[in-house]
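Across the two complexes that follow, chain A remains constant while its partner is chain B and subsequently chain C.
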Partner chain A sequence: MSNPIKNVQENNGVVIIATEGYFNNVAGDAVLEVFNQKLEEGKVNFLIDMSDSKVVNSIGVSILIEIIEKLQSVDGKLAFTNLASIVEKTFNIMGITKYCEVYDSVDSGVEKLS
Partner chain B sequence: MSGPAPKRSVEDLEKQLLKKNRDLNEKYLELETLLDLTNTINSLDDLDDLFFNVLTLSSSILNSSKGLILLKNEISNIFDPVSVFNLDEEKIKKQIFNARSGFLNKLESEMKSFIINKKDNFNNDLFDSQFSLISPIIYDKKLVGALILFDKETRSGLCDFTDNDLKLLEAISMQTSIAYQNIKLLESLLKSKKLNDNIMSSITTGIIEINLFGEIQFTNTEADRLLGKSKEEIIGNHYMILFEKNDQIIDLIQNVESLQKRVFENEFLLKSKSKKISVNISFSPVFDEKKEFSGIVIAIDDLSKINKIKSTFKKYVSKNIVDRLLENEDSLNLGGKESDVTILFSDIRGFTSMSEKLTPSEIVKILNKYFKSMIDVVFKYNGTLDKIVGDELMVLYGVPLKGEGDTINAVKTAIEMFKALDKFNEKIIKEGYEPLKIGIGINQGKAVSGNIGSEQQMNYTVIGDTINLGARLCSHAKSGEILISRSVKDLIGDEFNFKKTPTIEVKGKSKPIDVWLYKH
Partner chain C sequence: MNKNNPVVELKLPVIPDIELSATKTAEVIAKHMNLSEEKTGEISMAIIESCINAFEHSKTKEIFIHFIVSSDKLTIKVKDKGVGFDKSKVEIPNIDNKLNTDERKRGWGLQLVSELMDTVEYDSDETGTTVTMTKKREDNE
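Right, the complex of A and B next:
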């Protein structure tokens, strides 16, 4: 399977993680690994760009919840951008969007988080 | 006695509450996604979209790592991968799946979902998986496909699917089977509609369908042409508006509405936009599946084309032959074909010297009257007028339509032409003109008939030695004489009192020709 992390960038102190394909435990773990690494470097603002991930499962979502919990303890923020409607609906049901913002574009996400 | 239960810390309770809340949300998500899936797949009209949505959403609900949908090829009976999710597509496409043995065989015999185990001869290596769940896609009580999910994900790693997963996938595959059936029915319906449209647009009968409310529901291209209106002007309008200039049609429709019986009108004058068209028109009541009246279908056949053909043809052949040709097109021989032909030539004797004494308009007037009386006789005996060259007539028998006694008819024509000429002469003598004198030659034999000429001008005619000899016999015949060849004599016998005369020499023939003579 291809790497679920399409690319990782930083802009104005915001770490932008772009994912690709099925957002399941594999993709979730890959994001978690990048997150842990950047957190150790002192980064606390994260934006996940899911323009190329149109399908998620609850395991992927549960990993995102883990990330949110960790960020809450360090007063950091996680946000999402380019969500497919079905993914956004899943996030709403799983309660993620109560703790995270969803932005229309990477630029608007970076602007709000930085 | 056991001691008091250990007190749970607030933190533990909070964690348990959060977990319960999360589990509840997951169940809610499951239901929502299932509802979404049902709504989505029932609104799709494309199989690729259907399978993609089913596979991705069921993988998402059941937390499977990957999935596959196989669909049976109706010709090869091989199950082709039609949708692949999170698997190596190239690798999967190289694999042949069939129901002769293994997991597909089990699926075909049981027709229900099951968790695949090692006994089912399942190649987990191919899918790089450990656990698999399979469900049937059924159409017309037969297995047409399979929905397979692999490796249920948990936070602590992969695990086998549960009975709940099995039930959930069974529900999804049932929905998928119904959606598949709907799409196939829709495809079949569209195919039938397309075929129906093609037939309707290609037939030369105009078809108009009127619904129960008297509105025009359908017309084909020919009907639009006959009515002289565009489809937009016709469809949805009431027949009272469409046929406002055709009171009789309105009466006939109302007649069919009340009697619910078919009505047919021959050679009816249909008032179109700017003209009247002669048509055959029928009005048939339509009944629904409960045998209740549901509308009327009008069928219109344009007779103007047929009438045009008839009137054009009638200039050359008898009405009898035109009718037979129109009844049976197969009998028409218009291609290049060798067949038995009887040919009659007639020529006016001394016409050149006579015409020198007449004005051009007098010549035309006399010739037209002469030809009319001769052609009437020709058509009486089913001859085909091939051509008129100057004062010469060339008439065919046996082509384009072979008939009974073609040669005898040719001889009867010739004899009666003289009688008709006598009457004609009586008239023109009274008008102060000299009587016409003719000679006739008849031959019978093989000749090539067909449309001969170039693309710009093509005429139906006959060519060959038989024709040339017919022309020579005519030129040898003197005034009041009919000369026939041996082939004609053999066919008519002694019936018409032809006498053997000395042989004649004709151009193009090395030997003298036997001829028989009839004198008027």
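Right, the complex of A and C next:
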């Protein structure tokens, strides 16, 4: 099975996590692991780039709710970019977008989060 | 059901991510029906969630999916021969209630299917569950 984390970068204090493939429980746990490592290093602003994850399921997305919860306690932010329309619709139905911004590109996300 | 309506049937064993094979089938059928990309995505997501629910809760080793193409809509049936469930006992999820509480973060499947499809019906007893969902060809039908 391929790694669901395509790459992890930092730009102006924003951690950019790019995912790849089906965003299921495996991908959600992989993002959570990276998030926890970066949170321990003091990072509190996160941008998830889902340009290469066009299909999600609710189990994977539910793991993102844990991340939102943890970031609320440290006054941090989680945002998304390059969402497929069905993924954004899923996020709307689940209420993710009540707590997270969605940006058109990595650059605009970094600009707003940093 | 009209005998001339094309029907596609799948039998899926419980193996990781097998629901994606059903979404591939749905994409081919949606293309045949000239459904929009938006509708195709909604159908695929509803199938994923229905399959996951069946895999997780039915306690069976396989599920069955029927795609029935008709002139005005696509009907999809996701069946299992499992233990059934009581839909009235499934709470409507709300993210506000899931944050900063002990409430489990999961439990979104039925809500997603309900919002993404035009109609959804559940027929469930101790011999199994059938989810019947439809997507209209046109928005104004």
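Observations on the structure shown:
Here, the second predicted complex is superposed on the first by the 114 of 114 C-alpha atoms of A that agree within 3 Å, B and C clash if a C-alpha of one lies under 4 Å from a C-alpha of the other, contacts with A are read in each partner's own complex, and residues count from 1 in each chain.
We adopt the following convention: contacts are C-beta pairs under 8 Å (C-beta built on N, C-alpha and C of every residue); 3 or more make two chains touch, one makes a residue touch a chain.
Note that the coordinates shown come from a computational prediction; the quantities given were computed from them, not determined experimentally.
On the superposed chain A, the two partners chain B and chain C do not both fit; they clash.
In the superposed model, A:Asn57 lies in contact with both chain B and chain C. Shared-chain residue A:Ile68: touches chain C; no touch with chain B. With both structures placed on the common chain, the touch criterion links A:Ile5 to neither chain B nor chain C. Residue contacts after overlaying the shared chain place A:Gly95 against chain B and chain C alike. In the superposition on chain A, no contact is made by A:Leu32 with either chain B or chain C. With both structures placed on the common chain, the touch criterion links A:Ile86 to chain B and to chain C. When both complexes are overlaid on chain A, the residue A:Asn24 reaches chain B and chain C alike.
Clashing C-alpha atoms with chain C appear in a single stretch of chain B, chosen from 5-13, 95-103, 167-175 or 203-211: 167-175.
Taken together, the two structures place residues 22, 24, 55-59, 62-63, 65, 86, 89-90, 93-95 of chain A in contact with chain B in one case and with chain C in the other.
For chain A in complex with chain B, the touching residues are 1, 21-22, 24-26, 54-59, 62-63, 65, 86, 89-90, 93-95.
Put simply, chain B touches chain A in their complex at residues 21-22, 25-26, 28-29, 32-33, 36, 56-57, 59-61, 63-66, 85-86, 88, 153-155. Those residues of chain A that touch chain C in the complex are listed here as 22, 24, 55-59, 61-63, 65-66, 68-69, 72, 84-86, 89-90, 93-96, 98-99. In the complex of the two chains, the chain C residues touching chain A come out as 17, 19-20, 23, 37-38, 41-42, 44-45, 48-49, 52, 93-96, 98-100, 105-106, 108-109, 111-112, 115-116.
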